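Just below sit the structures, each encoded as structure tokens.
Look at the two complexes coming up: subunit A is in both, with subunit B in one and subunit C in the other.
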Partner chain A sequence: MITLKGVRKDYGGEVTIGPVDLELPKGGLTALVGPNGAGKSTLLTMMGRLLGLDEGTIEIAGYDVVETASKDLAKIVSILRQENHFVTRLTVRQLVAFGRFPYSKGRLTVADEEIISRAIDFLDLTDLEHRYLDQLSGGQRQRAYVAMVLSQDTEYVLLDEPLNNLDMRHSVQMMKHLRRAAEELDRTIVIVLHDINFAGHYADRICAVKDGSVVEYGTPERIMTDEVLTRVFETPVTVVDGPNGPLAVYY
Partner chain B sequence: MAEMTASRSRVTEPPAAAPSPARTSRTLSTGRARRRYWTIVTVLSILAVGFAFGLLAWNNPMPVGSDGFWRIAEMRSTNLVVMIVVAICQAVATVSFQTVTNNRIITPSIMGFEALYIAIQTTAVYFLGVAGIIAIQGVSQFLLQIALMVGLSMLLYGWLLSGRYGNLQVMLLIGIVIGGGLASVSTFMQRLLTPSEFDVLAARLFGNIANADASYLPIAVPLCLGATAVLLWSSRRLNIVALGRDASVGLGLNHRRETMRVLFLVSILMAVSTALIGPMTFLGFLVATLAYQFADTHDHRYVFPVAVLTCFVVLSGAYFVMRNIFYANGVVSIIIELVGGLVFLFVILRKGRL
Partner chain C sequence: MTTVTSPPSRPRNKGRLFDWKLPVGIAVVGALLVLSLFTGVYDVFGAEDGGEMFAITRIPRTIALVLAGAAMAMSGLVMQLLTQNRFVEPTTTGTTEWAGLGLLTVMILVPGASITTRMFGAVLAAFIGTMVFFLFLRRVTLRSSLIVPIVGIMLGAVVSAVSTFIALQTDMLQNLGVWFAGSFTSVLRGQYELLWIVALVAIAVFVIADRFTVAGLGQEISTNVGLNYNRIILLGTTLIAIATGVVTVVVGNLPFLGLIVPNVVSMLRGDDLRSNLPWVCLLGIGIVTVCDLIGRTIIMPFEVPVSLILGVVGAAVFVLLLLRQRRRG
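Here is the complex of A and B:
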């Protein structure tokens, strides 16, 4: 379970995130949605202890993210940011192997190699595993980073817009991979999404963030309505019945 | 955690085929890459030994192996030790610095080490005249210069990285600005010197092996080896730091502490090298870039040795050429910048990437 209590972050002057109180249960896939600048990524990076809080506490599986040693948290929660500085002359497999750092400190064991192989296979990167990162397309590289986060083998996985740079096919594949990770590997995945329809179809819970606070939180059925979406995104949205569930139309 | 992993492995079926032995994350996993790496290390080692021997033996009037030969060689060996120290300092410091700053095209010199060195030398001559050059030589003065350079950089890092909005880019920018400021003050003072004073000073402002004094070595060698040992030992963590702040924090590394630690060690290495022989702006950058080309891996455990060997080959090669072909004893930075720059351009243009 991820618990946020009175979490606040000031960006100097008018921009303030929070106070946010939120409880995300263990298991399943939670999507954070909302307009630009609402504070979705800020909340996510604070949960992943990449950004300090100004007030409040965040607990993941009972561990306070500020108090707990970073190296212990690395075995409980993993986080992937939107933009990643990529190192040249690094192969996909070597990148994924970094995910084992919290356990092996860089000295990989046979068990580590197996987990790495599984993460690579899981994201269909088997054929690319010895390719260098700079020889990959944006989407492939994105998958490699997700594989690294999965090989970190944490219960909680936080992803900041993993669908960036991905085309239709790869976006769908990525969401299916994450869905499978949540179900088969029993991970709790929190993900920032831009496309409300992806959230509506693949997430178990949707958390709508607006102006630095959580305005709606519930199942996709509850969030995917004209009234809620129009209010959250401040643009007219009509939800229609699509072949695979509700579909938000906003253009 | 262990039982969780076990239950997960039951759910995710392992691939049908048994994992082939090729599935390893080791650096240089293919035979070809390993052969290439060790060939390069061997060639560099042979060159290094060749130049080292050449420096001891070339123009040595006594027959090789005789008593007199070794006596002359011993007198020349101080320069050799100085070059080894400088090669280690520059190579290890630059590679580490580029890693913590996530930037492959800068050198730690821009943090103002050299500007400070130049300012110290110029100030001494400005206030004390030619005698100033003598006044800032000696073991305690050498130590003082190292302490000043390390102190300045720690002040800069500590202030800028531990602050609330501390960030590396701002630190680098302020480092450059301070360096530029010191350089301008030095230039201004140099304008006011008499030609003879300036002449004496100018000799100190090129990287020159002959600037080093054997009495400095008992301090320089342990500092250099100590800092290098710690950095080599941190190689695995440096590999993580290279991924950037967010990724390394996510993997459980205390990124700020790691950065501070590496920058502190870098400042020791750079201070030793600069106080020993003077500014060598281009050398570190040149060898770090070449080392990445040669080693062809991200892994610091493999990059460091190649960088040190490359640095020694470049340095001793330049010294050998200067001494035995141009009879210009010691001033190596000039030839390194000329030839090294051309080699550098050649390698980069041929490979098309940094």
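Here is the complex of A and C:
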């Protein structure tokens, strides 16, 4: 369970995040949605202890993310930001191997190698594992990053807009991989999504963030309504019945 | 998890280090070093005191080539990882200039200071200078890969100007010129032994290699896997400062070495730091030895400082790297 209590972050002057109180249960896939600048990524990065809080507490599986030693947290929660640009030339396998760093500190054991192989296979990167990252397409590279956080073998996985820059096919593939990770690997996945329809279809819970606060939180059925979406995104939204569930139409 | 079990023959992350190429590389560099031992005006075989001269000058000089070459190449590599920029190394970030300033300051404050005292001054100044540079980089969010070395070279020019001014005022300009022109000419028995310190630095880099690689992926990835990023930066800076400071005091400025070597190795082998380190050392030693041999023979019986040769070769490679980067976009 991820628990946020009175979480606040001040960006000097008008921009403030919070106070946010939120409880995300263990298991399943939770999507953070909302307009640009609402504070979704800020909340996620605070959960992943990449950004400090000004007030309040965040606990993941009972561990306070500020108080707990970073190297211990690395075995409980992993976070992937959207901008990943490396100057280092690594192969897919070398990158994924860094997910084992919290356990092996760089000296990989046979068990580590096994987990790395499984993470690579899980994201269909088996044939690409010895390719350099700069030789991959955007979608393949994104999968390699996700494989890295999966090989970290943490119960909680936080992903900041993993569909960014992916085309339709790769976006769908990525969401299917994440769903499988949630179901088969028993991970709790929190993900910032831009496209409300992806959230509506693949998430178990949707958390709508606006102006630094959580304004709606519930199942896709509850969030995917004209009234809620219009209010959250400040643009007219009509939800229609699609062949595979509700679809938000906003153009 | 999926039930796919990987075949036992599936290549792992290790095992690339010890292939046939490494012994070949070692043999080539070894041959260069032997050549270095027997290159020089003095006839070490014919003359009566040939054996002694050999021990006083040739052996120390060759050991110094090994230590300085490896140290500067590794410093460049570590610095590139910590700044996540392929174009930095101690001479393009002002570290060498700071070391020179430290050296000069000690010379003025403590006339007749021992080489150890001078080294402390150089290392301390190199550390401060490198920290200043890193802190500056953190403040500037726009990290265009070319702006970084430009800022570093500017910073170095300012520091070097300060050094020149102080040297002018204290009538030490000539000394300054000699120190900055990196040269192995004056490496003699009894004067180079401090260089062994950089061997310790090299061992430390080998031990911490994986952490440096993780730090090279950036602060967020490092924090995510539980690495204390700031501590690694501090540790890396310390190691770089020690290596650069010691080399500056004993040999002088060795421009571009830390830039060329890691880039060439990375181009050929990717960036698996642990298996690359031996190659970075070897190539660093190889290049500095070749340049020193050229410097020693080109106007025989006189010598050209190795920094001059390195500067010419390094500048050419630097331009090539820039062009290659542009092509890649």
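We take it that the second predicted complex is superposed on the first by the 249 of 251 C-alpha atoms of A that agree within 3 Å, B and C clash if a C-alpha of one lies under 4 Å from a C-alpha of the other, contacts with A are read in each partner's own complex, and residues count from 1 in each chain.
Criterion: a contact is a pair of C-beta atoms (placed from the backbone, for glycine too) under 8 Å apart; a residue touches a chain by one contact, two chains touch by 3 or more.
These numbers were taken from a predicted model, which means no experiment stands behind them.
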item	value
First (subunit B), second (subunit C), both or neither touched by A:L73	both
Partner chain in contact with A:P246 - subunit B first, subunit C second, else both or neither	neither
Touching partner for A:D153 - first (subunit B), second (subunit C), both, neither	first
First, second, both or neither for A:A97, with subunit B first and subunit C second	both
Touching partner for A:G212 - first (subunit B), second (subunit C), both, neither	neither
Where subunit A meets both subunit C and subunit B, residue numbers	48-50, 70-75, 78-81, 84, 87-90, 93-94, 97-99, 101-102, 105-108, 113-114, 116-118, 121-122, 126, 130, 149, 152, 184-185
Subunit A residues within the subunit C interface of the complex	48-50, 69-75, 78-81, 84, 86-91, 93-94, 97-99, 101-102, 105-108, 113-114, 116-118, 121-122, 126, 130, 132, 149, 152, 184-185
Complex interface listing, subunit A residues touching subunit B	45, 48-50, 70-75, 78-81, 84-85, 87-90, 93-94, 96-99, 101-102, 105-108, 112-118, 121-122, 126, 129-130, 134, 149, 152-153, 155, 184-186
Touching residues on subunit B, where the partner in the complex is subunit A	1, 4-5, 7-9, 11-12, 14-15, 19, 23-27, 29-30, 102, 104, 236-237, 239-240, 242-247, 249-254, 292, 296-299, 353-354
Sites on subunit C touched by subunit A in the complex	1-2, 4, 6, 10-14, 80-81, 84-86, 145, 209-211, 213-214, 216-221, 223-228, 266, 270-272, 274
